[in-house]
């Protein structure tokens, strides 16, 4: 499938990441957004609200993030592609419904424009400190997918991809922006509709009566139906069987929770996207994601100018974490350097993946601005020593 | 079973699923003609379920079915029963 | 320091009429004096009543053509077959509390009225007014000129005031004068919101 | 010059961000180069200090912040005080001459003033001050081409206001060209 | 439970007949989990009868519940049904309704779910006149968690988290719904099965935010703790204390441990729904360029 031309503003634009992400959602076929204003994500829903009357669809500003994050799930069961948009404090409120979406396999997209936290923190300044919360924030065991754009162009591209991944894997997909990427303005190229690949919902081919809403296909993902089409489905946040009926026993729990984890963990290369540069014979590999990648790249180039063999591995998909790839890289390098705008989140995933084979040096930062490239450079030089 | 009242022609009857009854007595309490009573038998869960004690009093108004929270009983007018036998029905065995 | 002739770029323009023909519209020139006098003199008295000067007098037309203060007045004429067939002006104040207000006056030859020409002329003036930074455009129309009133209403003008028994027609009958206004300040408010530097919605 | 850092400073409400937007758009869309705009954001920006950071480059831009502006545009005294210490030793300072009096400028810095607020008032609208500054910057520095800058002005302002904004751009542009062609009038 | 044990006893010589509620229920899930004497099942009977009378295509009705005893209603209904999170049935239903406007969407939940944790959503959906029918089974307590204080618990009543009697003022649900802007507000008790059925039927046929409060006994947790007897005793109390007053001013209908229980249809007014308002407004703003949202899109 390709994009519906109605939603695609083909052309070259000079827009910020928030606006680009909105255009990505429209291009991907999103026609329902429920939101609650929060800096620095608000421009995404503002743009959606102003664009949608002439595209056809609905924007509704709900009374809070709890409402926004479940209204979109109602819309998705109603057949729409749908997303909500927030920042840290709102994400905290949405946690319950992230669990619901993961457990009931709702193809939900959430854009989180990260700001400094905890609590109200730094509304207008960046951080990358929600990385663990999106993975682990709701109670129970579940898997999500998280994408990390580092430019307005990627805000567009990865939002389209987020919708595609959500439809394909039926799990919540996060676009982990940050304040800088959200408010940074750059050229954004929006392709022609026919050049934008759009993954449609996995509609069942079965008839009512034969269809079971949570019976997985070969890739462990069940097909969907739309409310109102006669299937009379039941969906519950309780542990459920393939019919969707509550099944509250250890066997049902094991079967369901294990399948939901396995469908993502065993997806293999389909959910690995590490952009590597000169990692083959590097003495030091910088692992970065999001806005920090751009800063890290500046430091990497300075280090190379000083003769250090340094590679750069950028996590475009941060969750599921590419553990295997990190382990492979660990086998051919002497040290990892992980800069991030928090006091150590994804760096611990890198540590876990390399399992002590090489040192992992965290270049932390509490947020509020990006790193000074010199700090990352110093880390690279020390690691190379 | 009470035999005090004059015998009347039943206009309706009830259907009961004893095993889903929880013995709440709504149907018996709010039956307008007071034609229902508890069975003497227990169901598997130990509840006394309703039985038609005075079938000739039943009008088939259906209120017992509206009140029953457990979908265990419903009343119906005889003329609404498809292919209803022309002979007067034999009531279900009372407990 | 002021940018030269800000409002007369892009002329001459053509206004299509309902019958498929066109009228050329261009800024008035000094050399138009003789033809302007011809045009004004050819107007029926009823139409001339609307003007502030007796434009059948050559000295009045001379003054109008030569003395127009080009910074505050945009004067357009309609021309067809070498003859002037319309005069349209946008007047502004350079000083005081009405610098944001522009006034439109349009006079059209009888045989070109009700051909969609007036609407076209007013449209050009509104566009020019907005470009010049005008926030509110006004026009006066006697209550009995229903075609002119409809033309303004079609272009989004609102009846803002009615001056009762304010003007006298040829027979000395007093008529109401309708003041039409078109508040175009929202266009400049959008510009203002863009320079607020507060959460600017500057998407393209 | 492969990479130019531009810092624009002024008061909230002077159109600081919009002027950065126009320069960035001119460079990245119409000149076919790369540009990144980082905008000051939030309620703190209203009515007080406000700034935009634009990086223009022939190659993709990594680190997006401006650290040593080669071009510093200031529209308020506070912005001058705040940002002049950052300016590149051989940078260009563009300032609103009725609002800013350059003092203690590093020797290598060339400074050019323009009475942009007065010019904007004479054009009829004070709010085109920022567009005059864009024209001025284009005229003096040619960091973006004139045609691209004009097109970016047209793309960036609301319909109906393009004419006045282009006039403002032109006024600033010509003022700037005259200063550069003539010897610099400011000797700090 | 095997189907044998669900056999229906009918008079001999008559054909086998099913309970008239059964076609509307997921039969394999009956018996349900509610306690003996709980009134929730009674409200379901009335709802199924109303569905039968008011709705021709049950595929076009969806039911959404929150969490709690009444929250289980969705799971028993043979409709597209959603058992969502605590308090959030209304925003889920709003999203569903806006995505598929041709559906009738019913929210069926309890007083704690709809008015404590979900109170904000109720207020805003009513204010927007979201096209939802909201049925609240009010049993004055938190049943599923074991009898804690609810926002509807009458003054003086004892609850596990208000062990010496409730000193808080309870919320009058019809008054709140009215003030927030609901188009239709009614209250009945499980004693009033016929009136309740009629009201549910009427509300199913209407548009806008419709709110129906149903008082139902919770014998296990509310009645026993307050020595009010059994479920059937409470329904008898409803019968004795109820006064039917259609059109009553909602500020006069609050409830206590004693006194009248005012029931009836209190509010019935015409207001455009949220979606109607949106479409009308954008049609006015954008004219023919606007693409009205009907949500009807054939499945690909």
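Note that the chains are named A, B, C, D and E in the order they appear, and that numbering of residues resets to 1 at the start of each chain.
The rule is short, and it goes like this: a residue touches a chain if its C-beta (ideal position, glycine included) is under 8 Å from a C-beta of that chain, and two chains touch if they have at least 3 such contacts.
The structure displayed is predicted, hence computed values, not measured ones.
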**OP:** Between A-E and B-E, flag the pair that has more C-beta pairs in contact.
**Re:** A-E
Original post:
Can you name the chain that lies farthest from chain C, using the mean of each chain's Cα atoms as its centre?
Top reply: B
Subject >> Innermost chain, where centres are averages of C-alpha coordinates >> reply: A
Original post:
Between chain D and chain E, what is the separation of their C-alpha centroids in Å?
Top reply: 62
Original post:
Rounded to the nearest whole Å, what is the centre-to-centre distance of chain B and chain D, using the mean of the C-alpha atoms as each centre?
Top reply: 90
Original post:
What whole-number Å value describes the gap between the mean CA coordinates of chain B and chain E?
Top reply: 28
Subject >> Rounded Å distance, chain A centre to chain C centre (Cα mean) >> reply: 57
Subject >> chain A, residues touching no fewer than two other chains >> reply: 13-14, 16, 185
Subject >> Junction residues of chain D, two or more chains touched >> reply: 21, 25, 39, 41-42
Subject >> Residue numbers of chain E (touch at least two other chains) >> reply: none
Original post:
If you look only at chain E, which of its residues touch chain A in the complex?
Top reply: 26, 29, 58-60, 62, 64, 74-75, 78-85, 87-88, 90-100, 102-103, 120-121, 123-124, 274-275, 278, 282, 285-286, 289-291, 293, 295, 297, 299-300
Original post:
Can you name the residues of chain C that touch chain D in the complex?
Top reply: 1-3, 6-7, 9, 99, 127, 130-133, 184, 187-188, 190-192, 194-200, 202, 204
Original post:
Hey, which residues of chain E end up touching chain B in the complex?
Top reply: 1, 5-15, 17, 19-22, 25, 30-32, 34-42, 44-46, 49, 190-191, 193-194, 197, 230-232, 235-236
Original post:
Which of the residues in chain A come into contact with chain D in the complex?
Top reply: 12-14, 16, 39-40, 123-124, 179-180, 183-187, 291, 294-295, 297-298, 301, 370, 373
Subject >> Residues on chain A engaged by chain E in the complex (per definition of touch) >> reply: 32, 34, 53-58, 60, 62-64, 66-68, 70-80, 82, 96-97, 100, 200-201, 203, 226-238, 245-246
